[in-house]
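Listed after this line are the structures, all set down as structure tokens.
You will see chain A twice below: alongside chain B first, and alongside chain C after that.
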Partner chain A sequence: MRISSNREWHWHLLLLFAVLIQLWPLLFMFSTSFKTMDQIFTSTLNPIPTIFVLDNYFYVLKNLPLTQYILNTLLIASGITVAKIITSILAGFAFVYYEFPHKEKIFNTLLLTFFIPITVVMIPNYLLVSKLGLLNTPWGVMLPQLADGMGIFLMRQSMRNIPKPLLEAGRLENASAWVILTRIILPLIKPAVIAMGIVFFINAWNDYFWPLLILHDKPTYTLPLALQMFISAEGGSEWGIAMAVAMLTCLPPLVLYLACQRFIINTFMQSGVKG
Partner chain B sequence: MNGIIFENVCKSYGETKVVHNLNLTVQEGERLILLGPSGCGKTTTLRMVAGLEKITTGTLRMGGQIMNAVEPGARNIAMVFQNYALYPHMTIWENITFGLVIQKIPKEEIKIRTKKALDILNLSGYEQRKPHELSGGQKQRVALCRSLVKQAPYFLLDEPLSNLDAQLRLQARNELVKIHELYHPTLIYVTHDQIEAMTVGQRIAIINKGLLQQLDTPDMIYQRPANTFVASFIGSPPMNLLEGHMKDGGLWIAGNPIDAPPQWKALLAGHQQLWLGIRPEQCYLSATPLLSGLVESVEYLGSQRCIHIRLHSDGQQLLYMLPADQPIPSGTIGLSFSWQHVNVFDYHEGTNIGNPKILFHTHAC
Partner chain C sequence: MNPFTWQSALFLAPSIILLFFFSYWPLLQDVWLSFYSWNMISPTMKFVGLQNYLQVLSSSEMIKVLFNTALYIIVLVVINFIVPYLLSFIMTHRINKFSFFYRSALFIPSTISLAVASILFLWIFNPLAGPLNILLSGIGLESPRWFKESGLVIVVIGLIIGWKVFGYNLILLTAAMVDVPKELIEAARLENASNWQLFRRIIIPMTSSTALYVFVITVVFGLQYVLVPVNMLTQGGPDQGSTNLVYIVYQYGFVFFQIGKASAFAILTMLLYAFFLTVKTKVLDKMVHYEN
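So, the complex of A and B:
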């Protein structure tokens, strides 16, 4: 939509307000992590600390096995991301370039999975992981998340945008399906794959409920679970420390998003507009 | 023998028949043009040769082998696509050598072939550029280059010049013919442009609505069209088709008796109604005209003028080409034509009845 310049400031004001609402918790978290306990309770809503302290961060780095939590989270998030990227690309490729019985029905069923709440599949997944003896392991967290309907949909849409003659030229050169996929298709949809991977990684990094169900021992915890320790009965009311952990938890996905937001926006705009 | 033979080849998409019972032989080393209007099935025919479309029924032979079930990559075909199909993420060098690398041709050989092809097509110096950095004409040459390095016995081109401007087309047509004469692959070229067909083709197959109308040399197709479709499709402006009939042993065109030579009268005896075909440039102004009419409009075409004439007798329209340096006629004019340039077509079937002097064959499907 193109808006004339004399009316633009109304929209900007509205957008600014929406952004502020979104950013307020982050700002609150950021400022609280640099406050003393006194300040937290006396000037709770003041976003600028009167005394700026790094004690909360020192405490977290000194007393928490933060490296362990980061490694756990990294392993699970990376595993899930890589697996989802591979399965999405291969399934998308099959949906676009192969003919097989009931192709459309299978694809529509896949789309249906978008509308099933995660809480519905949690119990059967939990039972499966439990029966496989994978409770309390990172594999138990990763197993039900190795494929993703949205990822397959995105890959299918991206591949459909590739002009057919490019692939036909490859077929005439006797290129195998693998060569066509890796040498022609993937380089052309690289931005979409990167964007999808980042979204997968951020979601897996921030995931709370599923790891909470599967991981019971503290050494296996991911960062969101470690954060939970400080805002539960166990952690008492250590808000400054809790906010410092929260800051460290959301920093990597935030940096990743800011670095690659161009890819992400382009990819989702394309799948929405052209799909 | 690296010829291509279609035997009763049909192609359907569900209930829709796109190619009807095609019988066609492309000789080894020949340049054959598939020419026809948009949607006539010419590209589908080419894609069946490439293996990119499955043949519904019939047999396709290449080099004596039945190819119906052979994968595109195993057919040893080089193809130039309408939009060139250059890989946008690869450099020109990578684009050209992609197929050779896949075929595991030795690196030295790849280098020699590619450099030679780049030289032939004046592309040296562009090796490290990406396709988006090239003009339309250069992209088209890269696509040709990619096909050239393959040195395949079959060369397929799907409207390769349709995205170029008129000047570049002329140049590219010459390049194409030169490339073909380098190693004489069996070449099939799809186009809807009759000038391209006439200049590039050694033979032309004219297709309409999935049916082969005529297979012949450009000259024969122009001079002796097999039917009224070919007569009106080839030539710009198209051939005049005047309605006529035989009465009391004489030929009547546009309501007037025409003094036809006796051998023509003999040939046409038995045809009550017919179409008389005369090319506009084969009419001439005459003091003892066979036809006369009123000049309606004049089109300037550069070296010639196209005069639109309404015949007096029955109002049929006739086109006449006049050299541009001659005075423009007005009012009523009289025209004649030489009988050796005349074609007569069956009124109902539209097929060429023949010519009493020249014996010719048509290859209607």
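So, the complex of A and C:
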């Protein structure tokens, strides 16, 4: 805004302060993970380690089945992501392409599942997973998370933005619904699908609560669950190691986010209500 | 638009079956379980009628749980709704440059697991050697035992959730702020409208539906996010000082193995949520009418 530009700097100051508050804990986690035990307690606030060591990481790699945890987390997060992408695309397509009774009601009913709290569904779902003998398996974690109300909403939104004549053209050539979906629609909404997939992946990767209920044996742990093991040391001597595991846990989502910021931010902006 | 056939139903079937089976069906099972006394392991379940509800509602714990839940809602709404609302206005209508930079920098913590956030803040708030304590003692203040004092513990957990959710809500609100025409704000400024008038007459009415949505998810998801730091750091303590209506379902179910009471609490949670979801549905009605 032209008029206020001479006073703009104090808004920038405020925003930079907010950025500092948001990023300081991360910087802190980063630097602590590279410090020796000594430095963690003597130069706690110094963001740059005076001696840069990888000891914490070596310790973690040597003493924890870290590769196993990474693979467990990767398998669960990928499985959930792929399943949710497929079910969301198919349902989103049905809502855009077909006319059927109670369409909006059905859509809203599906979208509402997004807001049902986990504790309300967790006991029956736990009992089911247990009955199926899937406790302590990645499948038990994935099973209740194969479809997503918000995913259906996002896919319907993207498909609605496709110009109608493009779909008409396919129909005039007598193409089947499946061909229209895979040949015409999917190539056009690819960016939205990728962004949605990244968001699904990040959320599944980060998930703590549902895996906590299903995975009890240490070898089946995901990374967020493994973090729990460092909490008992509240007296606080293992902070360097705990921060190293924390770093490894948040690295994949961070890298994915930094690589596709614009995509992701735009997807999130769409997931809010407009108008 | 094409007519619906049984073949086209196949597109819809996976989502409908999965979401019904893992979201709505458990809800009904909760109702059923809440009328029984059961410890999850025993082969027999005893029908007790409304006893679980009566016990739960008349317990002294219930008052504490409701009080904590209300306190959480207040803390979460301030940190994750009011502050981002003001910041999104500043980012959209008070500065010209670097808006995207701020948006993406502030969003970074939203990509991080709450499990990571919990352990990170446990260290930051460590009352002996943690960095916050060092900062405080630098200005001559003594650090309280953040996770051990009732009341304070809820604020600290609210801050952890805030760190994670802040950037996400900011982006949703910014999407709404961008839609407020700059000309309107310029015009208000030329007429010497105060900031308060600007907000009341232009900003709030033009962003209300998104703001309402963000308000609802702040509460609905915020109370669930609380599960992670509470379970990792306090287990509901000190003296149930950090539990809430969502966490107590977990406690009764998986710590005390009283499935009937846990289910009764779950149903009460759902009633609270139904209130917020009704508000949300009203917004949804607006949402579903589009240009095409």
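Basically, the second predicted complex is superposed on the first by the 252 of 275 C-alpha atoms of A that agree within 3 Å, B and C clash if a C-alpha of one lies under 4 Å from a C-alpha of the other, contacts with A are read in each partner's own complex, and residues count from 1 in each chain.
Rule of thumb we're sticking to: contacts are C-beta pairs under 8 Å (C-beta built on N, C-alpha and C of every residue); 3 or more make two chains touch, one makes a residue touch a chain.
Given the structure is predicted, the values throughout are model-derived calculations rather than measurements.
**Student:** With the two structures laid over each other on chain A, which partner does A:Cys250 touch: chain B (first), chain C (second), both, or neither?
**Tutor:** In the superposition, A:Cys250 touches chain C alone.
**Student:** After the superposition on A, what does A:Phe17 contact: first (chain B), second (chain C), both or neither?
**Tutor:** Touch partners of A:Phe17: none, neither chain B nor chain C.
**Student:** Considering only the touch criterion stated at the top, classify A:Pro187 as touching first (chain B), second (chain C), both, or neither.
**Tutor:** After superposing on A, A:Pro187 lies in contact with chain B but is clear of chain C.
**Student:** After lining up the shared chain so the two structures overlap, which partner does A:Phe58 touch, if you call chain B first and chain C second: first, second, both or neither?
**Tutor:** A:Phe58: touches no partner chain.
**Student:** Using the touch definition from the top, say if A:Ala175 reaches chain B (first), chain C (second), both or neither.
**Tutor:** Touch partner of A:Ala175: chain B, not chain C.
**Student:** For the three-chain arrangement built by superposition, which of chain B and chain C touches the greater number of chain A residues?
**Tutor:** Looking at chain A, the partner in contact with more of its residues is C.
**Student:** What residues on chain A does chain C touch that chain B touches too?
**Tutor:** Residues 171 of chain A touch both chain B and chain C.
**Student:** Would you pull the chain B residues touching chain A in the complex into a rising list?
**Tutor:** Touching chain A: residues 50-52, 71-75, 77-79, 81-83, 85, 87-89, 98-99, 102-103, 150 of chain B.
**Student:** Chain B touches which residues of chain A in the complex?
**Tutor:** 163, 165-166, 168-175, 179, 183-184, 187-188
**Student:** Given the complex with chain A, which residues does chain C contribute to the contact?
**Tutor:** Spelled out, the residues of chain C in touch with chain A are 1-4, 7-12, 14-16, 18-19, 22-27, 29-30, 33, 40, 87, 90-91, 93-96, 98, 102-109, 111-124, 126, 128-131, 134-135, 163, 166-168, 171-176, 179, 182, 185-186, 189, 209-210, 212-214, 217, 220, 223-224, 227-228, 231-233, 246-247, 249-250, 253-254, 259, 262-263, 266-267, 269-270, 273, 276-277, 280-281, 283-284, 286-288, 290, 292.
**Student:** Residues of chain A touching chain C in their complex?
**Tutor:** 1, 3-5, 8, 11-12, 14-15, 18-19, 22-23, 25-26, 28-29, 32, 40-41, 44-45, 86-88, 90-91, 93-95, 97-100, 104, 106-108, 110-113, 115-125, 127, 143-147, 149, 152, 160, 164, 171, 177, 202, 205-209, 212-213, 223-225, 227-228, 230-231, 234, 236, 239, 242-243, 246, 249-250, 253-254, 256-257, 261, 265, 268-275
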